[in-house]
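Per-chain numbering from 1; labels A, B, C and D assigned in written order.
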């Protein structure tokens, strides 16, 4: 009998499975340019804070913007459901672990108020910051005009998975081509993880794409739904889509790898893999003054019927400036993300992010190549 | 010297090693059709409860049938050996761990009573349910007529491994071709894991095939006998057999992936890999009213000479409705299996199970791609 | 620049990384023939006990021979250094863990007595057993005549690594071609792990080859010397050498996979991979009446300058008959090795060991495919 | 749509993922020659102690040289910043773990004194030893003349990553071609991990190259910067560069694998993979009389803005002679590194290091092939 035509599966890779190969030429870190743009907005650092309630409130968004980055405010979280959002956030932080999902399911059942959408956007703008806000695709048409009128600079339309074409029973759903034409501000869409989904989204005219579905064990999309592509492969595939789309259209649409980051090395790997910027959640939930009181949770956690993710105690580990720029006395890469990126680009000889995209990455699974005995072996480097 | 002609081994994959890639088009979960058929019996949900004593008794079979699925009653377990099966089940649940295998070896040495076969089938039918029962190949000829006479709708013939052709010293063993012609009800056979074994079974005329041998560490077939193929590869290979058999015969024989499921994501992966339905054991042993009193064990556990598997405390975690349809406050995918499947099909743009079979799966080992630090990183999605 | 001509490495596999695929035809276990021969000696079961002091003494060798297998007595252990070997074995068993290597280094520094070689061989022969004894290559010429004169049936010449050609400063070392011609009894040589080393040994005329160098973490050859090939690959490669040697010479030289076995499934996998028989150490150290008093250690452990391995407490878990043939109430494959092998051959449709060599093996790493949650999932099979 | 042109990643390997295959011919360990040269300096053993403050001070360098190897003194550590370096080292050893990085950041902020550079070099030379010292590239031009004048034999120019061409804002940086011509002593440069970086460095005329960036989890370059290539692949790739460079130039430039070693087997693997010598840190920090008082830390640990690595308690486990040559009662390969290398070369039939470079290595991940149960299985070998 002939060999059956067995189905073959592609291998994919996450942060812990790859490493960056240093270059043949090196440059001084202070000679690297790590700036990044969405539409006409240029940011000094390619780091964005997530639209999560434990991470971004108006105050944090202002702080982040002044530091050279960007933070996205979630317009479907507690900030737009409660006048005193901080009080609710404190309740969530104080709840026992076994009651917190039910509490959140209840707290997020409160309706979204349009006046609070306007108010939160104004707070950010009045602080002198670039204002980016996010809504889910199903709420986009309903809130788009209010958002623009309030003065937001960037609109993020995001869900666990967002596609260029969504089939539903409703007569007239969200069509990105129309939205792009209708709104005067750049639209960033996500999340997606494959070449074809990404290039389809780019062809609708959006200004940026968020990359990442279920990157990691704590994100329970992988457990609950089985979906997800590890971040390095997702980033490489979508970077290829961006480059191919640039060839066909002449328009460069940045991709932002979103989720799963813990260390400076992860940010370096994502950008070397092709990201133009990264979006971090739990890292910023650890900053002094973050709204989550040292706790962090996902926006699918309060889902009424199929909650995913968990509230996690991340603690407060330093100021936003330390996390971004150091200096630090922590030796494991959880602070000074910008310094790490510039140092890594330096040893790879990459003067810009575009250069850094050409750096070689290799498969080097840390779980296999780094046994427990290494603990004892090479503290140098 | 020329390179020797080294023997090469195929790589295989289990649930934890793969992930599903979201689609370029998405659809609303409520627009998906997840129905499934065995012969002329159509079920609203493609989920079957195992023929195991801690999972299915007549009451549970009725409950499951009404919920839109199917449960299989094991005709070689305690239900057909004891009038008061519940009393024996309680003894097993109450036994200390180090005595339970010996106790079960003794309990299952009691003879199977034909009157109880009839009684149990009648109980299920009288409850208005579709009645599926299982026997081992060696007992099939002996009990087939009684089973049919009692009114069973589906006969499952299952053992650790079942083949289309079995060689033994007995003059006239079980021949599936004959059995299929002889019985007026559909016959489901299992278990098998390879393309060739599966297509051979389908050519005998059976109405369905169970897929899965030794999926997991707790199933000690892998340790005791060394046999087993991880479930994703087994499912993909047997789905290919099903499709090739359909091309050659015009007859569509569904495959049911059996064993190793813990989470909604596992069910999504098995069906995306090609299964038409899934068979779950321990998941249902956790339902309120399940016969095992919160315990679960395999039917090879009481084997007199070569016992395999262990009794496991699974606990009672919710109602059958919660497990199948939610809503739930558990965030790790152990409840709302149907919601998970429909959501996953939605983000993959699959309107039917046949569509979902075309979804891309990638290799993404969770043990490697999801390190412990992810614990802290991305609770969103 | 052209891509450099990077060095490529072959992948190799151990027991835990593979699984056996059931067959399309099955046969009853009681119809399988698992006999095995070395020279003119035929054994009912293909299982040999190691030449290790915690495993084989004359009494155990007699017991094992009567059970249908074979045990090899180490002529360089305590049995030939002490009249009262049991007293020394008790001392080793009773020593604290941190003193035992030094104690063994001292105990094994006692000279080997030729009268005790003769005495131990006679004890085995007087018990009516087939007598196999082992010596290291460096001592073979010195003891060969005494061994043959004492009546041994099989001579095993073994070291961590043994090759067909050894270069040393001594004027005239051991030459297997000469030894084979000189001795009237079959010679089994080991250990080796590669195709070329194995076929070279077979070409010297030996009657069997032991396969296995450093199979596992507890064997510290891998840590101390870096050498070793996992047992499944070593067995497959040497089985190919055996088959190719058979084609070129018409002489069938059995290979015996030696070391790393813990469960019935491991034995099944080694034989499916091509072994004619297996050699087990720690499994038999657990038998009632074994000489090690429930402890087990390697023959390289007492090495004066470069000790490897450790003394391990294995405990006494059952009789030799239970370990070999069951019945058992243990469900994890550590008893009834013969039953496991026959059951596995049954589900693979293999009537003989030669048939079983054709069975498909797949790569299915248990560490990846069997997560901790499987613990809860499929106790059946 | 045509398949996108997905980016492919090379697989790489570390110590724990490979094993050495024994040879078809074996030789006596005492017939192996393991000598190694840098420029005109020949060493009896291919083992070098790292330029780390917990490892090498002048006394240790003398001791190591007399034992037949080499130790490198770090000229940017405490030895050249303090008259009484031992007092500072004691402070570091005594500091609590959570204060030690800050303490070191302060201690290493003290300026380097040129008089101490001269003094330390003279101490080593006066002890009759070969004197090797290391500086970072940025300090090389400043100190080179002093180093040569003081009588050093070998200059090591090393940083986390060093390239043949470094771009900076300074008018005139370090150019290795010029340095090589200017200095009368051999220059060893590092670290690098890729074929192209290594061959570029060799083409500058240097006398040796250090291989290794971020080998292991304790080296936090992998976590902080994401960079690193596992040591076996780095060594194989750079050995190919060495061999290709030898073909093009006729000059043989030895490569020294630096970092990640814990056991004798690791040294054997690195040399079999192509290294001419190895550089060990923590192994020697465990020797009686080492300067770190049983503690060990990396030279990037005190980095002011981006500290990497941690201070590790390694303990004092034996004399330098035991670590290098045994005898030992430790069975896990942490002593008698030279005996291990010679034994391994013996079973591989390699008379010289050049021969040993031809030995086959296979991929055999210990984390997968050696499960926890092996603990119990094969203490022999």
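The rule is short, and it goes like this: contacts are C-beta pairs under 8 Å (C-beta built on N, C-alpha and C of every residue); 3 or more make two chains touch, one makes a residue touch a chain.
Computed from a predicted structure; not experimentally measured.
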- Note on the structure: Overlap of the subunit A and subunit B neighbour lists contains none
- Note on the structure: Rotating subunit A so its CA atoms sit on subunit D gives an angle in degrees, to the nearest 5, of 90
- Check the residue numbers that subunit C and subunit D use where they touch, and answer same if over half are used by both copies, otherwise different. different
- Averaging C-alpha coordinates per chain, one finds the centres of subunit B and subunit C separated by a number of Å equal to 39
- Task: Go ahead and note the Å separation of the Cα centroids belonging to subunit B and subunit D.
- Result: 55
- Pull out every residue in subunit B that's touching 2 or more other chains. 10, 13, 196, 263, 366-368
- Note on the structure: Pairwise, the chains that touch are A-B, A-D, B-C, C-D
- Task: Over in the complex, which subunit B residues touch subunit A? Could you list them?
- Result: 10, 13, 18-28, 30-31, 195-196, 236-237, 239-241, 244, 263-269, 272, 274, 326-333, 336, 339-340, 343-344, 347-349, 351, 360-364, 366-371, 373-381
- Note on the structure: Interface with subunit D, subunit C side, in the complex: residues 1, 4-7, 9-14, 16-17, 50, 52, 101-102, 105, 160-169, 191-194, 196-197, 200, 212-230, 233, 259-263, 281-282, 296-301, 304-312, 314, 365-368
